[in-house]
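Per-chain numbering from 1; labels A, B, C and D assigned in written order.
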């Protein structure tokens, strides 16, 4: 390969092993004007006389699509505070971890105007992102106005997925009638319904009883959100989606075996039900993390909660990922600092802002799952890059190394190591790491966004404002 | 057997085949002072020198315990009207059909005082019944006061079962938090929770949409209450009972395969879940009854609704009965006349008073199930007499032919026939029969309540006021 | 109650609590000429002037039907030896434990004549039994002759159940074609097929491999008979019974969760499938018993084998018993002495005679299950007395306290205790006890067979030869 | 794109839509020396100055990997005859249908030497094939010798999959012990076990009974092979694979819902179980085909048999394909002429040679499934090309359009039509077509094998002997 000035905007990645959800191949990748323009057998570039302005030697490396994290919450209000990563800090952290696309949430709270919320979120993100981003829309107040707005968002705003909550009364909660109506509307539009599936009405009774008993420590956050009630809500959401006419349904942040069983059964019966899980539900537990002494456990207060390792949630979720009963791994990145933020719940776990930050570590943590034998290398790419792009209308622009696709590419060193921790790799705006001290196989070496190298050799080379808004099409491959 | 004046209060039933849930035996029954005092091998009464004032020859007949119908609604308000049977007309009709015990419902509506409701229902029934009766308590407003009243009813009023509704917002509906709290209280008390399991919140959306479309005829009552939503609510009720600590749960009037599957699975997993069905859900259907031309279908508007015969609800429910996945057959007797009452919904199916009258025909309809091969003779007695008595704290006073038990006895002619219809056998206060024209195998010949013959040879020989209130103990045999 | 010479053959049991599968009642029992002739409310015997020659005061005691053990092997050949209990020693031991009926097996081995085998077994038993007995027929060689003999046995010999083996090639094994043919014939006759469900062909490979590896100790008996292969054979037997036309099928001596799941599923789907377990599969385990040091484990070599307590077989089987997924508890009593008999396999577990003796302790061990909360008192009677009698055509002669039934009765002291062990209660002809050292709640106080007291106050009062052969009718209550 | 002499061996496919299991992209494909060397964004070839000797305009066409049919039987003996396609006629027919790779079976019958059989099959195929081919090995006689030969075939012959039969006693049948041993050996080698899962022992009883009754017509072939017995054998094969240590298992030619349910459950539980179905089980039925008058039905005698359309096998198999419960579509191509061959069973269905020919129509029939909405376009490619190559060690040489892969490519006209029938498209050596008269959407336009155009514009341009033997690696992607 010769490097010539005449093809200065060409980037050539040579010598690597391309990995897709389908398989692996030794191949070179040519990018031009931000897109992938050729996949070439090794050595053929020279034979064809192809030249490039910039060449990356990926010998011994995996070359994969940039990660697509379809569940993040930057700058989201929670009670009196706001999640600690801005779209700037959060997208830079994402880039550090090999994620080149996020889909965040525009949030309508009860009583607010849905279209206003989208404007607000556009204002938060526009010009501030280091990587590309899109939005799902949370509907916190299903009524005639918000149902009408759904159509507008699909038709004109590139927003084709809508999240509802079966928890959080007074904030985002929809009752079953509201859920049914939103599902019917989504079905008409071909849009995807995303569901936070926990029975918040019953949970709030358990919380009140726990606090009344004086059980206020962080671990009671999990004990008052039993996995049965995640399974219940998942079953109910599926039933409502059936009544609405087999509307596509996507269960977010699944943490519990009971919920997985419901999704697996519905899929087996032919219904369009999908689910994601997050690394925290695959690695962390009630006993080892949420129950740490004093207030430490607050670091891991998120909903759904970390589950007991005496039950088989980790094992079942890994198996579900392998079998495509779980389709996607996202982070539900929602960071809060321990100091000043989490501390709002020092004497009352229910006042602790809910969320775990992890947008930086998803690709790394899941690669460890490959090394540990839980999933294949191909499935790692599929669940972290390709399927999320497909399910949310970003494919083939994102999530794949295909000609014509955006040149969002990660060069992955399979034998490098990544040590996570506040004093090690940690670029999220948090005063602790949820994965402190983990020493993982594999390492992000180079990250490319639309043909631009934004991370290389432990340096951030990107630019705030580089990230564009991504209007999304309908979910294109339901099965 | 000699008939002597010296044993005038003795009643002797000779020559019959006694049937219990366990089996059959040729035996004679001696009753005294309203109770069964001896079971004797045929011929042994003479050998022992036993005498009686009254002798019934039951040769060629089955001798069974009086029927126990644990789900009736006499004189119950519904909208602006009241179910058409009084405790007098309803209990006389029950007696005609071989039922000697009913358990009706004291009803607390939202905003009413629970203990007041019980007084009201005592006033309706006391002195007006032809057979013995008890009460379950409906809790329409779960709060601190009603939860406290539950304890009072269990400890002092002989009421050990509490019914909640997942349907009928604004009248009886409890949300999942209220259900959980009532279940916790029932668990503490050892009481049974009964559940109307339909997702009323979602159903109300479907009803409003149906009416808005102009689909107002009676059959839309069924189409807006899909069986999926009965299955959903059943699953949810079971989940909440698990969270409350495996509290005994009894699903009333099950109509749908989906709901049965949930109960069967929970039972298989070892949970204390029970269910009843009713004859209407075993014999009648959306197409043949609810869809009759004009307003005729209104006769069969009840909730849950009659289901489509294109699905397998009938088959599955019969099988569930055989296998004890369904434990009990009750009637949910809630009669309304077509004229003036059902007609309230002439232009709006949702305004039709909900209910089907059948207290008179349960034993007859279920005996037909024996003849048709759906269940055994023993299972007929078990589901219609013994198990309802056991589950609701009436056993062994009721529901069994044991010495010491009340002499509530039916002499059943297995080769007689019963023709149901407004011009045939029909003693309920209704201007139509839900089972009009059915010609059934078997016939109630003689009915005895506490040793008194109240039906014999097609004559009512009983007495209004003979029926006593039955305080009930806790459910004594959970498995 | 007066005791008068004029009614010398009358036995009167007073003051006890009668327990059936249905429930309990305080009642007196009058027996005459070996049968139960009256059940009387307490005190009514005097009122009626009933007299008896013999009176038992059962105050504070349970009065239950004599136990029915439908799976024993007295004097059965196994390899070069014979099980150590004769019909005399075995039936006396049974009597000591409250069992008043056994159903043993007439055994046709491959190459033998089926009807000859029955003569042989009649010769072993006739005149030598202390309690009543019947026979199932093992068919070890399914062919035209044996299929024809099945009809003869049903029509003329009172044998209505036939046992087949999916294990033990060269002795009893039937291939799937033979099983299908025998099932078809049984279906025509209305007879019950009993199945030893283990995949013996695969097991024999595992045994040979284990021995070849030098793994010859008793515990390898279990490790070479994995529970998966019991589940497999159970599934296959059910499939063949479906193909044969839903022929009634009874899985003997179930030991494994996998097998239970198959039976439960088939029953739920409406098929006529039943199963029994044995106390050894509820109390004993691979680790605690079969793996005892040296050759001790040989005491517990039986097929199917004891299972690992790390799996959930005990829990699942108890639950299955509670829910009637398991219908019967038998013993599979097949005793061998450790010395000289079990020792045949000192260097080769596969040469150890298969069997555990327990006919004496079934009622005692299962009553402990009542005390431990696994099953109800009623279910104890149902699974140990009533259902076995029903399923095998002995009801209502046996298995129930009904008038007209044989006066086979046990007086059970609920607060007494039973200590099992070679130096304690042990009347079986074995040089060890499989339940050595167990100290159980409850105690057999008095045992009555056809009106004769055969055990009382720790004395055997019966008579060898008292026991009669019981021709059996068809299974009378399939559900 | 310029066509230049200097790059004469280059083939360039331009303007098409490449379809993989992952998705679609507009891209051009460059092939050189029989392999794919570049995938280029449209228009970029010119920009890069790429030239080619041969250019195909695929505008408006799908460009897909050549089909991989992993289940064919050319020239296979059956009774006294041999399947009617030679490796020459069969591979030419395959090419006509867009299939560029077959994996046929070397067959060891009982009593034959396994390695001899492989030589025999090599002799049949070598030099006679129009497309590339590999072999699985059938083991008809599991013993020490054949187990040892398995290792040789894996290590030295490129044969990594072994087929066993649970049917056909005296020919190919293995008993459960033999199956277990072969599975253990396969597990050690990392090889795949393929299973014909029907309970042939029970089936042979049903066949004998049917013939004895005079039920000899072709449709009794299906009635004597009930789907329950396919489900049973599938369950058993899975159980044995579990006992052997979760050995990879591949169920061939699945026809029945019961079998699918077993596979789905095992997969859900995490076991390495896979299955294929064939077009005949998705389109044809007992009633419409096998039951045609006279002897016509013989055309469709294959094992497993066509199933009743009154059951839901078609629906369930399509759904299983969609959900990856079924991984592969093969043909089980095993053609016999009606005249002289099938006619061997004129008076005895069991003498009819078993087999349906379809190697020519798999891609066409399955594309119709895309048009009919059963599966996606991507899933069509995945089940017919990519997954079979992966599961049988041919990927990425075959089954994918990746650089470095063999240039086996089909140009598919999505709007063309294909009419199947003896007078239309029919190149198999059969005197009838199993799919006679079907008029399908889509059409094979051009077929390329290792860069050579072998079918184009309804002409066969290939060459007998072009096809090479494909030694295969181990199955590379178990999940």
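Operating definition for what follows: a residue touches a chain if its C-beta (ideal position, glycine included) is under 8 Å from a C-beta of that chain, and two chains touch if they have at least 3 such contacts.
Everything numeric here is computed off the predicted structure, so don't read it as measured data.
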Farthest-lying chain, centroid of Cα atoms versus that of chain A: C
Where among A-B, A-D or B-C does the C-D interface show up again, with more than half of the contact pairs the same? A-B
Approximate Å spacing (C-alpha centroids) for the pair chain B, chain C: 39
Taking the mean of the CA coordinates per chain, how far is chain B from chain D in Å? 59
Taking the mean of the C-alpha atoms as each chain's centre, how many Å separate chain A from chain B? 52
Residue numbers in chain B touching 2 or more other chains? none
Chain-chain contacts as defined at top: A-B, A-D, B-C, C-D
Mind listing the chain A positions that touch chain B in their complex? 175-177, 179-181, 199, 201-202, 204-206, 226, 228-229, 231-232, 235-236, 239-240, 242-243
Chain D contact footprint on chain A (complex, rising order): 20-27, 32, 35-42, 44, 48-50, 264, 267-268, 270, 319, 322-325, 375-376, 378-379, 386, 390, 395-396, 400, 402-405, 477, 479
